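What follows is a group of structures, each given as structure tokens.
The following pair of complexes shares a single chain, chain A, combined with chain B in the former and chain C in the latter.
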Partner chain A sequence: MIQIKDLRKSFEELQVLKGVDTTFEKGKTSLIIGQSGSGKTVFMKCLVGLLEPDEGDIFYDDMNFTAMSVRQRTRVRKKMGMLFQGSALFDSLTVEENVIFPLEMFNKNMTKKEKLERAHFCLDRVNILNANHLYPAEISGGMKKRVAIARAIANSPDYLFCDEPNSGLDPQTAIVIDKLISEITKEFNITTVVNTHDMNSVMEIGDHVVFLYKGDLWWEGSSEEILTSQNKEVEDFVYASELMLKLKSQ
Partner chain B sequence: MQLFHHIGSYLMLLATILRRPQNAKIYRQKIIVEMDNLGLQSLGIVAIISVFMGAVVTIQTAFNTDHPLLPIYAVGFATRQSIILEFSPTIISLILAGKVGSRIASEIGTMRVTEQIDALEVMGINSSGYLILPKIVASMIVNPMLVIISIFLGVFGGWLATYVTGVIPLSHFTYGILFEFSQYDVFYAMIKTVVFAFLIASISGYFGYITRGGALEVGHSSTKAVVFSSIYIIFFNLILTQILLV
Partner chain C sequence: MILFVKLFRESALFAWGSVVSNKLRTILTLLGITIGIFAIISVFSVVDALERQIRTSISSLGDNVIYVQKWPWEFSSDFAWWKYMNRPTPRPSETDEILRRTQVVEAAVFTASTSRTVEHLNRSIERVSILTASADYDKVRTFGLESGRYFSPTESAAGRNVAIIGSEIASGLFDDADPLGKNIKVFGRNLEVIGVFETEGDDTFGNSHDELVLVPLTYISSFIDVSSDRYNPAILALGRENFSNEELIDELRGTMRSIRSIKPAADDNFALNQTSLLSTQFDGVFAVLKLTGWIIGGFSILVGGFGIANIMFVSVKERTTIIGIQKALGAKNYFILIQFLSEAVLLSLMGGAIGLLLVFTGTWLASSVFGMDVLIQMSNVMLGVNVSVIIGLVAGFIPAWSAAQLNPVDAIRANT
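After this line comes the complex of A and B, so read on.
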């Protein structure tokens, strides 16, 4: 479980997060949605420690991440997996080596064979077949995302963060990635936080949805509740596309 | 002010780079890989430049020291001293600053803008240490080897030029090469090379690591890495020469 209390972040005069309070439950896929510039990426970067919040606290299973030393944070970070918008696979490593990498770094007690087996299990889980020895430059965008998921779950994380997992993917592949994230969350009982502005993702996998508007937590609820939120800004976002409007009228 | 900001940031980055490695085995493997990337792959250019510069130094010295009071073997002696004291450690380091420095800065800069460094950080890895420390260690090991090779090839270039052009008798050149050889000169060259290797890898790593933006900024970082590495090499060359030779 991740608890966020009064999280604030500014860049000089620009206030990007204006006091966000929320909780992300274990075994559920929580989605952070909002327009571009609403503070989603800054929020996620604060959660994983890539940015330091100005004020507020982040608790990982009751441990205050913001008050931790570098060494303590490293221990928590070993329990994190993250899927980046551009996949962020290491160019110089093959698909298999990318997945083995976090295991090599931190699991000194695992044998080489065990690490290889774990990597193959993760790659099988995301349906990557016969690509183990290819380099990231040699595989498609969708495959890169799946390899990135495999790498993120290699160390059996407690927390999974996904930044715009569908960006740059065709609708079919996007659904595959969404379902994969949702299945993995339930299968391994992970606390998953997904940054997105894709309403398909909200409807497909959103157990808990947080709507950010100009740095404020404007609304939160389930993916069913968002369709009837009675909140102007949320409705403007949800029904921005013709398709959603048609669905609403039906 | 910008310069002080960079010096402060560079020193702070060095402090994180020099933290205890999280997995010594992986660091060792990376050092071997970097020795190949940064050192062995520079062998060709070092060899070509050394042979030709050695030849040119010999011919230039021969034509400019044509004086009855100067012994003929002084050409060989001057060639050896120029190569050991200045050409191989300093000029080769400047060339490596261009070749290796731009490679390090663009590699790390690209990793920064494609979020690969963020991925390392989220995994709990000391990204600056993991990316830069093996390059520094590899450079400090392999650059002296390159300079030793450069010294031999430079002298060989001079010998070859003497043999082919006949500017002075070959026996005089060989005598000059061996005349009053001091091991301290080689020690001095090695000290300079190790310091320059540290500067090249750490300054280039720093400019790559602080890259923000996209492809354009990676290019800027690469250029800055070469420019600043070269300036600091020249600056430290003066300081080390003063300390070690005077």
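After this line comes the complex of A and C, so read on.
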């Protein structure tokens, strides 16, 4: 579980986060949504330590991340899985070796066989085990994303952060990836936070949705609730597309 | 390990791409290392060749031969010539005394030399070195005979008018004809040629037998004073096996002092020279030459080192995101450090390899086209490689360290 209390961040005169309070539950997929410039990227970066907040606290399972030393933060980071925008796989390594990489780095006590077994388990979980000996250049964008998910869960993380997991994917593949993230979150009881602006993702996997507007936590609730929200800014965001408008009118 | 090699390959390929796309920058960067390695290794190779040549020449004078002479072999600035100039010169009779009185001398020979015109019929060669030696010259100095024979004991003892001539003299006076049994004229007297020295080629000190005429001492001493200072007289004493040069010198000193009746407190009035003295004199010259090579090459390498450091800083900057992702996935600082250090070493080695290639080409040209005896030795190649590796490590350390110290969050932020 991740608790955020009164999180504030400014860049010179510009206040980007104006006191965000929320909680991301274990075993649930939480989505951060909002318009461009709403502060969701800054919020996500503060969560993983990319940026230092000016005020407020972030608790990882009751441990205050903002008050931790560098060494303590490193320990927490080991429990974080990261799904980078654009997959960020190492081109010179095979699919299997990409998944083994974090195991090599973090688990010195695991034998080679154990690492291989773990990598195969993760690849099997994302249904891409048959491509284990291929290189990133030889697989599709959707498959790369699966490999990136497998790599993110290789070290059995407690927290999974996904930055625009659907960027560059076709709608069909995007749904598959979204579902995969949601399934893994529940199956391994992970606290998952997804930064997205894709309403399809919200509808597919949003157990908990946080809507940021001009640096404020404007609205939060479930994916069902967002469709019926009377909040004008939420409505503007959700029904910005013609498709959503048609769905609403039906 | 395999993972590291593969990631290093990825880094190297990335760096290679940057190197290829900025050819001019790369060439200018590596030029310093190339010139530096070229300067150092080529100077070392030339010095080695020179050293080898000089040492071979010195050893041909005999490693275990002591030269009893008036003048010592010294080249220092505090050479006390006024002390030596009044010394007596060695005499043939002292050679016999040395042989009679010492236990450690295998053979001793008296030599003197001058230069004269040598004639045969209507042909003549001017300023030919005429060497005269007592009977055991063949035991003290190493040489071969192309044809004919050495002086017989009778010829040496009786002072027969015979001569052994160098190959250059033979071809100069007789062309392709056989000189054996024919007469040559030296000192206005006829000498019968009984042998021709094998061709040796010039050595560093001009000690070759190719351009000299060797005649028995007893023959020449009948009409010139071989002990005169202007004939450079010397006694060459060859030590017995199992005796060191120091033992030989000790015994020779005692014997010579006894022969010349020198009082216990008085200084020696002779010099005991050995070839190792010459080697020692040259050691200093070689050291200076090598130091010059280091200084010339060192400055180039320094410039090259700065170039590599620069290119590595650019490389780190360009790959900040990859570093961030690796670190976010758990890569330790040393893992990043080694990656970039290896890359810097690889770049430096490239520069060094080009430098070595130039030295190889140079030595090949020098030896095959100009006939010079220059070889690039394995030790020099290793030196070039080691210097390149060290420069790569030194130049790449700060950029690699800065890459390793990058905060993963900052590194990823660089591009997200």
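Here is the rule we go by: the second predicted complex is superposed on the first by the 249 of 250 C-alpha atoms of A that agree within 3 Å, B and C clash if a C-alpha of one lies under 4 Å from a C-alpha of the other, contacts with A are read in each partner's own complex, and residues count from 1 in each chain.
By our rule, contacts are C-beta pairs under 8 Å (C-beta built on N, C-alpha and C of every residue); 3 or more make two chains touch, one makes a residue touch a chain.
Values in this document were obtained by computation on a predicted structure and should not be read as measured data.
Overlap between chain B and chain C is detected when the two structures are superposed via chain A.
In the superposition on chain A, contact of A:D62 is made with neither chain B nor chain C. After overlaying the two complexes on the shared chain, residue contacts for A:L50 are found with chain B and with chain C alike. In the superposition on chain A, contact of A:E104 is made with both chain B and chain C. Of the two partner chains, both chain B and chain C are touched by A:M82. Using the contact criterion defined above for the overlaid structures, shared-chain residue A:E12 touches neither chain B nor chain C, since it reaches no partner.
Common to the chain B and chain C interfaces on chain A are residues 48-50, 77-78, 82, 84-85, 88, 90-91, 102, 104-106, 155. Contacts from chain A toward chain B in the complex involve residues 48-50, 73-78, 80-82, 84-86, 88-91, 102, 104-106, 108, 155, 161. Of all the residues in chain A, the ones that touch chain C in their complex are 45, 48-51, 77-78, 82, 84-85, 88, 90-93, 97, 100-102, 104-106, 151, 155, 163.
Those residues of chain B whose C-beta lies close enough to touch chain A in the complex are 22-23, 26, 110-111, 114-116, 118-119, 121-125.
On the chain C side of its complex with chain A, the touching residues are 3, 6-7, 9-10, 13, 321-322, 325-326, 328-332, 335, 408-410, 412-413, 416.
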